[in-house]
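By written order: A, B, C and D. Residues from 1 in each chain.
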Amino acid sequence: MPNMKEVILSIKENHPLTSDVYRLVLTGKHIDTMHPGQFVNLKIPGCYLRRPISICDMNKNQLTLIYKVVGKGTDKLSKLRGEINVLTNLGNGYNLAHAKKHNLLIGGGVGIPPLYFLAKELKKQKKDVTVILGFNKKNELFYVDEFKKLGVKVIVTTLDGSVGVKGLVTDAMKKLRYDYVYACGPIPMLKAVYTLAKVGEYSLEERMGCGFGACMGCTIKTEEGAKRVCKDGPVFLGKEIIW
Amino acid sequence: MPNMKEVILSIKENHPLTSDVYRLVLTGKHIDTMHPGQFVNLKIPGCYLRRPISICDMNKNQLTLIYKVVGKGTDKLSKLRGEINVLTNLGNGYNLAHAKKHNLLIGGGVGIPPLYFLAKELKKQKKDVTVILGFNKKNELFYVDEFKKLGVKVIVTTLDGSVGVKGLVTDAMKKLRYDYVYACGPIPMLKAVYTLAKVGEYSLEERMGCGFGACMGCTIKTEEGAKRVCKDGPVFLGKEIIW
Amino acid sequence: MVDTKVKLCGITLTNPVIPASGTFGYGEEFAKLYDLNLLGTFSFKGTTLKPRFGNLSPRIAEGKNGILNAVGLQNPGIDQVIKVELPKMKKFFKKPVMANVSGFSIDEYVSVVKKLNKCPQVGWIEINISCPNVHGGGMAFGTDAKNAALVTKSVKKVSKKPIIVKLSPNVTNIVEIAKACEKAGADGLSLINTILGMRIDLKKRSPILKNTFGGYSGDAVFPIALRMVYQVAHAVKIPVIGMGGVSSAEDVIEMMLAGATAVEIGSANLVDPYASYKIIKDLPRVMSHYKIKALKEIIGGCK
Amino acid sequence: MVDTKVKLCGITLTNPVIPASGTFGYGEEFAKLYDLNLLGTFSFKGTTLKPRFGNLSPRIAEGKNGILNAVGLQNPGIDQVIKVELPKMKKFFKKPVMANVSGFSIDEYVSVVKKLNKCPQVGWIEINISCPNVHGGGMAFGTDAKNAALVTKSVKKVSKKPIIVKLSPNVTNIVEIAKACEKAGADGLSLINTILGMRIDLKKRSPILKNTFGGYSGDAVFPIALRMVYQVAHAVKIPVIGMGGVSSAEDVIEMMLAGATAVEIGSANLVDPYASYKIIKDLPRVMSHYKIKALKEIIGGCK
């Protein structure tokens, strides 16, 4: 896999998809090809630490990221125009070789974006893909049509039932047939999913110092010992994670 | 005199006049009329403290400043485009009512800009004005023609004699007739000028915290006791200053 | 409608925002910009028994996201403050003001406090035992628990006003000093004063500040100040005023969650003369965003 | 052609730039980005006798122009470091490396130092008596002159390598502790370690760091670090390594003018993995700009 690289990219688009979820499209030459589940680390002027964002889509010379405004850093990011300093090729992504006949992708809220890139790549490999997209309520929906355009089966769940299946992503899982799972979202959701599925790969989130394995800031305990979410993850096998 | 005011102004021009002296032209509505010798305080992104710069020229909705790149702050300023946060109406300027028949304006290096505004206002009042502009060498000259266009008598001095009178501004003074002096420049120059002239008003420079009299950061001892350069100055009568 | 009221040593503040001593003069410059009666109160320029010019210039240097100052307690002296500044202040500030007092000996602190007893405008006396920019006295009192207690006890003996002791962050164990002041009778504590720092002029190869060292304040020190406020507020029962790099309504709330009853705004007033005003105006919005109905309810709310 | 060479405890460095312990791992991640032999040397991840997981997450929080960390000395333990990390390092780093050692008892420091004696790759041993993120030991040794001297004397007794003691800034009088270490036989001192700080999550109303407090580092602490380096360098005769918020070649020169013989780069490596490389490449330009022919000539040059 190519090394981490520092690049200056142009902000082609930085617009809201919902009230607080934004799409950031970056362009520039020499963007290395990355894999679904990997992330980049953004230098936001006025913030000391970079902000890690997983890749939502990847085309030649173009990178698409989706992020949620949760604090001062992401708020500054949402107002950023012009150029941005980016560390690319970070982390280990999902392992597409693990895909089986029926693959179930499960995303919750802002955990959904990396699954778009994954679904796209799995379709290229002619794999059967079903996606469950979990939201709280209707006005928080994003990227549902984009997933549909990929030709994958899309199931939407909302906590309040305002759209699709009422309840949690796990409520939608029960009725489905699948041999493998790729998931990304809040820890409680991932835990519930793994408890049901007992298989698959899960992308974890943790506060990071560097994002490339130097500071040990994001280390977690796993069945295989201490692992850095940024360097050894962010994607881990369900059985590795201590739930 | 109108109060200090915080305004956001547009950067119309920010270009070098020499290798390290820049002209910054700011435009915006509600720029209050200021007086020669007053200054503004600029918020430069990436710097905590504002940077005080005296006014070089003032037209309706337009402010002209000239500054020298001396450190990281002014270097950042020289690269700044778009908008800038400015505190206007700071300090007490030169007292034009003190002008006599033959008025001599003396500026050294980056101390020259405020004298341009002063010369312009004195000419409006039909006063007789002679200006001595002191530089180190030829390639550091700026604004000589602008002064000439005001219709004032301009004498240039250079340390190395590459242009005009060889030597210090005081060498050019000796041959002149004048009843009053307005000066701005490095302390040793001001001191030499006052020693000869024994009259006039002198603009002092000091590291400032706030620029509007709150922090006492720029206080100096004067014949009339402790004075704040930012609020009680920056222009002082020669006889007030403890040389 | 949110409730921003807090009670500081028996006196109710309409909001917890207090411009800090040394960044607000005696209020005059700011009174021209906005109605100072919008403030909770403000702490006026550190005052000593005799007039002081302070240190020689340069007294100011740029930090990194902060400011270094070595003003050295310039002030006209308590008699002048009582004769000139307080009457002037009366015209634009109708609330009780906080008097900030510095000294170079116990006697000096005591004499100034006695004079302030006669000033009805003064609601609280903030005893500065932590000025890092003066030699002898100042910080010497604030970096030793015994001395800190001695000053506190001596001024308490004569003071008719609540005594708030302003602590130095330049210590190994600020909790020990805070407890000593509480035990000696302090009615409240305020922290942190500035952190001793330095910058060097690379061209001249000499310190930028004539005084060599200066007090470092501004955004940069916020995480250090917050930690000390949290430590002290959890160790004492008297109210704590939090300060150090506070520049937004969010910062005010973070300080209060750490245990601050009120919050002083310092350097922010210097780079933005409207800072304290803007913070007060922004508080209701930020409070509703974080579902805070009454500020007094979040004091020490960080679990 | 400018001369960037300096001598640190008998070993000549081609330049004074040293990535700091805890921000550079064992070099592996950075060796993929640039040739580490360009560095003066680097100080590897703080190592203890037994393997340590460190603190629970979150271990990282944003400061204000800095970073708060509460990693808590995660490391595989000295045996693993000698067996696995040092041989791996040998492939990409040919210079003597600085071994950073932490402990929770004098015996632990001593045992680790004994093991390092047998490692020819190790040029210096940096004794960390100032980690603010571990309970017991760590900073406890660094905030008391007697304890600091005791650790120093004990490791000096067994060490075959120069001992550099890393000091804590969380003290009232760092000079007193520096002198105690010098008297106890330290060959050099490095400062500052991180400053204890805190941030609070306003939504959760709880500390961002699981450990509540963390060590604050990055640009924001530079003026404080510079002041302490200046104070210590003027008080001791042994070489001082300056660190704390250094992020540019100008900062390196400012630290050396204050009295630093070499300069460690910490947090800057985390936000820009090429930081140390860029600083080294930029040094000659900045040196000529300030008319510096040889770096060793400006050490302590601030008058």
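List of remarks:
We take it that contacts are C-beta pairs under 8 Å (C-beta built on N, C-alpha and C of every residue); 3 or more make two chains touch, one makes a residue touch a chain.
All values derive from a computational prediction rather than experimental measurement.
Common neighbours of chain C and chain D under the contact definition above are absent. Distance from the centre of chain B peaks at A, each centre being the average of the chain's Cα atoms. For this pair, chain B with chain C, the centres built from the Cα atoms lie 36 Å apart. Look at where the CA atoms of chain A average out and do the same for chain C: the two points lie 46 Å apart. Contacts with at least two other chains are made by residues 61, 63-66, 219-220, 250 of chain D.
By the touch criterion given at the top, residues 22-25, 28-30, 32-33, 45, 53-54, 57-67, 69, 71, 74, 208, 218-220, 267, 269-274 of chain D touch chain A in their complex. For chain D in complex with chain C, the touching residues are 61, 63-66, 68, 143, 170-172, 195-200, 202-203, 205-207, 212-213, 216, 219-224, 226-227, 230, 245, 250, 253-254, 257-258, 290, 298, 301-303.
Note for the complex: chain A touches chain D at residues 3-4, 6, 43, 47-50, 73, 87, 206-210, 212-221, 226, 231.
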